[in-house]
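What follows is a pair of complexes built around chain A, which joins chain B in one and chain C in the other.
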Partner chain A sequence: MKTLLSILCILLVFSGCSSPYVENNTVEEIAPVTFWSLNQGEGGKFKITTLVPPVTDEKKRLFTLNVDLLKQGKKEFNLKFYRELKNGQLRMLIINEKLAKKEIISLIDTILSDPDVSPRLFLVLVRGSFEDFLEEERKVQKNLDYYLYRMFRHYERRNQGEMSIVNLHEFMEKVYSPYSDPVLPIFKADKDNFTYEGTALFNENKYVGLFNKREDQMFQLIANDHYLKNLPIPHLNVSLGQVRSKVHMQVDDQFKTLNIHVKLKGRIDEYRGHRNILDRSEMNRMTHDIESYLQRETAGLVKETQRLKIEPLEVGAHTLSPLVHPMTRREWLDHYEKMKVHVKYSVKIEPLSL
Partner chain B sequence: MSSRFRLFDRTAVMGSGYIFAMVNRMQMLYYVLILPKHLVHPYMMAGILGVGVLSQINLLILGKYLTSNYFVLGYRGFVQLFSEKMVRFFAFLGIFFILIKVIVTTLGYVEIVHQFMFPSMKTSWLIFVLMASGFYIASQGMEKTIRLSIISFLATIWVILVYIPYFLPPISQTHHLYPLVPGEVSLHSWYGLLMVWSALSGPEYIVCLGPWIGPKEKILRGMSIGNALSVFEYLVLFVACLLYYGSPYLQKISFPVVNMIRYLQSPVFERVDLILISLNMIYFLYLIALFLLCLYGAIRIVAGRINIKTNRKGFLGSVAAVFICMLIINGWYWREGEELNLWVTLQLWLGAITYLLVPSVLAVAIKWKRGQS
Partner chain C sequence: MFRKKKRTAANQKKNEEMNRITHEAVTLDLLKQATAKMDDAKIVQRQTNNGASFSLVYIQTLIDKERLNEAIIQPLLQSGDQAFIQCISTCSVLRIHSIEEAKEHMLFGAVLIHDHENNEWWAVQLENTLSRAIENSETETIMYGPKDSFTERIEQNVFMIRRRLPVTELKAEKFQAGSNTKTQVQMLYIEGIANPDIVEIARENISKVNFDLILEASNLSAFMDDHTHSLFPQFMQTDRPDSCAYSLGLGKIVILLNDTPFALIAPITFFHLFQSPEDYVHRWVIASFLRTLRYLSFFIAITLIPLYVALTTYHYQMIPLQILYVLMESRSKLPFTPFWESLIMLIIIEIIKEASLRMPTKTSQTIGVIGGIVIGQAAVEAGFASKVLIVLVGISAIACFLVPNYLVTKATTVLQFLILILASFYGILGIAFGLILLLAHLNGLSSLKQPFFAPVSPLYWRDWKDLFVRAPLPWAKLRPEYLKTVKKWRVSKGEGSE
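Here is the complex of A and B:
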């Protein structure tokens, strides 16, 4: 009995003399960063920036590293700083637009294959210099990174139509899905501001364009959230609130025309025009104006996706049915590109009341 | 000391509840975790159902033996049915089947733990911990080990509720379930079906547990419910994976089920996957212990020591041998990251073959014996 046990022990000793568990997660000795900001560096390198959160009573520190490989950043960081970097709390990946144009999928793959990183990591594109923003803002706002994360989380949770918020899994699922293309939120950053710019569009995994703030509203209504807390239409001097949409997309059998019927329900939040909207016929005319405005805008949005030959609106998904074998992505996009688009809005507005 | 070490004593007979739990957990072992990746297409839902029905028919055939008098007698029943020489030959084969099954299950589980929980840990330590706990459970004796089935079932069955969010809108995408009809049936699809069949294998090992379970009228009912529940769980897992990934993406993921759970977040504990992986250990350990006991029994039969009392030395020796085999395979032949490596493929075929042959061979033998007498 004893001999057998000792044989076992000897075996184990031979199988490895080092400590079996080399991870060390003592809080005072680690730096659990919450975001990586990636930018183009000099000579084909990456520039990685992050804020080190304070564990004890100390100041946050900004680190910028020039590396060839993403994960090299972790190593360089450890060699430079007295705490070990850990990715377990990574919540945001902020990628510069210029870098995204060159490559995005290899970056995301690297992050995806790390078991420490949650697939709920938020992906964000940035136009301008996020580094400058960090540099300035962290003097004013102590918990900057945390509040940024809370902002994304806030808009993600209820899908209230303010922003397109996309996480790692959603992005990858759409990259592989033949009938939909991924989108990412894009922000503009400079020394003083970090502002939502709209939705960045991808063709499978290539960054190809964006919807600006105005187009983005239509995008939220017909594809992303189907809800807008606030829809200002300056052109008609009106602002709608709590807008909920119901979208019916129908493609005919020959794939020649696409009918989009959007049922919209909302209320007037604000009106600064000259119509007396308390009057019913005036109100009807007003509704009609809103309808034709939205139709124009939406048709423009769909045309833009046709021009770029991409599918952020997931029109193709509406052609799928349980019993028909689907066509390939390329075939579908060839049809989609040439499709005639009819957009119809039925707007129902609760009258302004006190 | 060794006189009190009795592994194969019998003081009570375990009813259909234990059989149900045992069959169900046996069928949820390891393969189900990698299965969705190989089924891929939505129409394989029908495949799972179809193979589930076949498995039920197979259990009916197995029931022929389980309701006969030979079964209750255990080893002596086998000897009556076949000759002693044949039984020794079968036991000899069985050693290899069980050995491969234990090895693949343990190493597969260790690989998952290594990849998701302790990437920096040496795998031999993980194997050691698993084998040591398996040995401890098994050394409590066959009866107590079988009793553990209900506990391991109750401790892990609720995990199925965790998959509910994957069926609800923000995560699920309904169009991933289309089309439901196959376009062309490729070799890959047939391989997927084989995999389902092999994943459902395991209940054939109940033939080794004759003296401990009964009454014989209730065995088949327990097995059938267990099988039905497994098929249901397979479906839930597969559909959840489809809704979450969609077919094209699903193909690229090595451990779809575990990766899928990583998406969940609880406000209390963020990495839900770690809890669930650890929970799986309960029934993995239980089954490893059960198979170690079967293995030891088979070794005793082959060595012709069936009538000699069990002793701790012999059992520890055979467990240590299994452990060493595992270390060798893990060190030299197990290619991590490639989830269908040589050994997993081997077990895939062996499991399918034993599940297909054991019930029918026994049924034929009984018929033949009856014709003789």
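Here is the complex of A and C:
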């Protein structure tokens, strides 16, 4: 008996359970919310919105509260609903652009420190009113919250190269690392649509700007997925498919120049121009045009990050070397801002794909 | 102290009395007294053609009546001047002196012959050899490999083993167990391979059995087990002579009992309970896969339902959203908590399993259909159980049967209930606690004083070749290390490597 009790005690202590009593979470008695939408509220507060009951086929209602604290919102939701709202299945945190411009780190920190919430929670920025979209869409789509989650999960897996999908763990990792700044996907929401707008850029933890859809493609290629299922270049009447890139960045010793060499492989999926691309010399000219276009776009993208003094491309990591004391973030960004950028693309178009 | 002295004196007196009875000379009166109220006991008096009289005493239900006339009565009647003993040439004849000897022979199917003139008693073995034919094994069926199985006759069973191992080193020591049943027990081992210490332990354990009824193998193993209260059998029971021969070849001991078609094999480990004779028939990759599947099934059988209870009661966070969606839908209108729902369904499944096992084959099929389909579907439609649980209970019940040893299958059921109760109190922590207790228990068990959890604990790397993976037979050149056999090598080139 003594042995049994000591084994039990050791188990409880080592598993981090200070109390042997477990919380009753019988699935039919709780309502595990899948998302919280946060927006600016009245009087310096913020608005927290969710759909209840989640994860069931029952008719859904939109709950919105004006609160000071996230946990306060959680508690007040419970008082309004006949099942206890639990956030152990919280999969998406949708933050309004205006709120993100102020400061979101304390909100995200609260969620990160909640042991119930998984760090694989998707963070999303929304421009416009997500609440309006929910209000309209829930009439048509019964399990809207679930389908939204499935969409994020789909694009997260195997880096589909369509959009930037970031979870809580990745976001916070970049916030606390000196040579990188986090990014988030940004969507535009109105009554009828919920559209991907590009990648939101953060300076440490503050939202400072975004890459639009065109720039976002370059961002996916050089810093995020290194893959694009489809890269349309309307300017050249061509669309490349299955584009994969290998990026080589080099910062010189004086931190004056940044060389980016991108090796890109793809095939022509669609061409509506007047060149005879079956001819080798015509094809070479076409490849050269594509390279020039990509170089221009990429250089523009890097310049934008220099202007905003942010590090979503994680160039600073290339300055690190053994036996050299790393620079502070401030020092590095001062160098980075003034750096000359040379971008070179080597595009290889796979033959006979048309 | 006085009481002890008194008791010793009483015991001494009793022993003297016993000795007196045992050594009392056999007489017809004493035999009549012994067979009183035994209607099947016969005492017949006859005269030979020479005028000499003799008596035959026998129990007619135990002897071969057809052979009685031709092998004993006719030769004796026409014996003439010949001595009785010389007339009987077709059966084994033994001279007996005491009444105890006479009774024992008579009860084992001998005909007692009394020569009135010389007052001599003889026992002629004329046992009724009625027995069923050698049939396919029903408890350990296999697709390929030998199909014969043991019968209730120990001689036949020893024959089946000896035919497979025609070596003089195969020793068969005889014992008797059960004061009333006087069951014949034979301990088989291969001298020069089996560890003499283990043989001695087994010999001692069998000799120590002191009980009135030893009717079958489990009765004997119950007295030989090192750990009486364990859920796990410490002797492997099999009715397959090929399994016995294989085990003997490895250096294990086989114990056969008369009137039971099951042999006991020891020492065994926990992992032997998951091995099937068919493992050595299949290609090694397939055999390894199937063996791993059995371990996995055991794990599923004991943890699947407890896991369902733990997740649906405490750890909803761990359930993937897609599955949570299905679970919530399925459980939304149920009147019971996950624990009670699972407990009721598991008990119902056990009732169905027991019923289909005890009923005749045709009825048991009907019970299977009624139990599986009607009760399962009706329970869901009536709102007593969730669809998900019915699926899980089905998987767990089938997983149970993947373990080839029937005794372990039953142990799995009890383990499942125990872990279920722990899960209902502490969730995943309870399951972890249950599994740790199980491991600790298995680690503490032994079979004929040999570690039951070997070769994992204590660690014998060499024996891992035949553990989760069944390595190709040419690789298994050495006998299991945990058995500490006299001869280590199974191949002749290593004969000297002992």
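In the analysis below, the second predicted complex is superposed on the first by the 322 of 354 C-alpha atoms of A that agree within 3 Å, B and C clash if a C-alpha of one lies under 4 Å from a C-alpha of the other, contacts with A are read in each partner's own complex, and residues count from 1 in each chain.
One rule holds for everything that comes next: a contact is a pair of C-beta atoms (placed from the backbone, for glycine too) under 8 Å apart; a residue touches a chain by one contact, two chains touch by 3 or more.
Note that the coordinates shown come from a computational prediction; the quantities given were computed from them, not determined experimentally.
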Chain B versus chain C as contact partner of A:149, first or second or both or neither: second
First (chain B), second (chain C), both or neither touched by A:27: second
Touching partner for A:91 - first (chain B), second (chain C), both, neither: second
Touching partner for A:278 - first (chain B), second (chain C), both, neither: neither
Which of chain B and chain C A:118 touches, first, second, both or neither: both
Partner chain(s) touched by A:62 [first = chain B, second = chain C, both, neither]: neither
Which superposed partner A:179 touches (first chain B, second chain C, both, neither): first
Residues of chain A that lie at the interface with chain B and also at the interface with chain C: 4, 7-8, 11-12, 15, 20, 22-23, 118
List of chain A residues in touch with chain B within their complex: 1, 4, 7-8, 11-12, 15-16, 18, 20-23, 115, 118-120, 159, 169, 172-173, 175-179, 317, 320-326
Of chain C, residues touching chain A in the complex: 312-317, 319, 321, 324-325, 327-329, 331-332, 334, 337-338, 426-427, 429, 432-433, 436-437, 440
Touching residues on chain B, where the partner in the complex is chain A: 115-116, 118-122, 124-125, 128, 170, 173, 175-181, 183, 244-246, 248-249, 252, 259, 262-263, 265, 270-271, 312-313, 316-317, 320, 323-324, 327
Residue ranges of chain A touching chain C (in the complex, touch as defined): 4, 7-8, 11-12, 15, 17, 20, 22-28, 30, 32, 34, 55-57, 86, 88-89, 91, 116, 118, 143, 146, 149
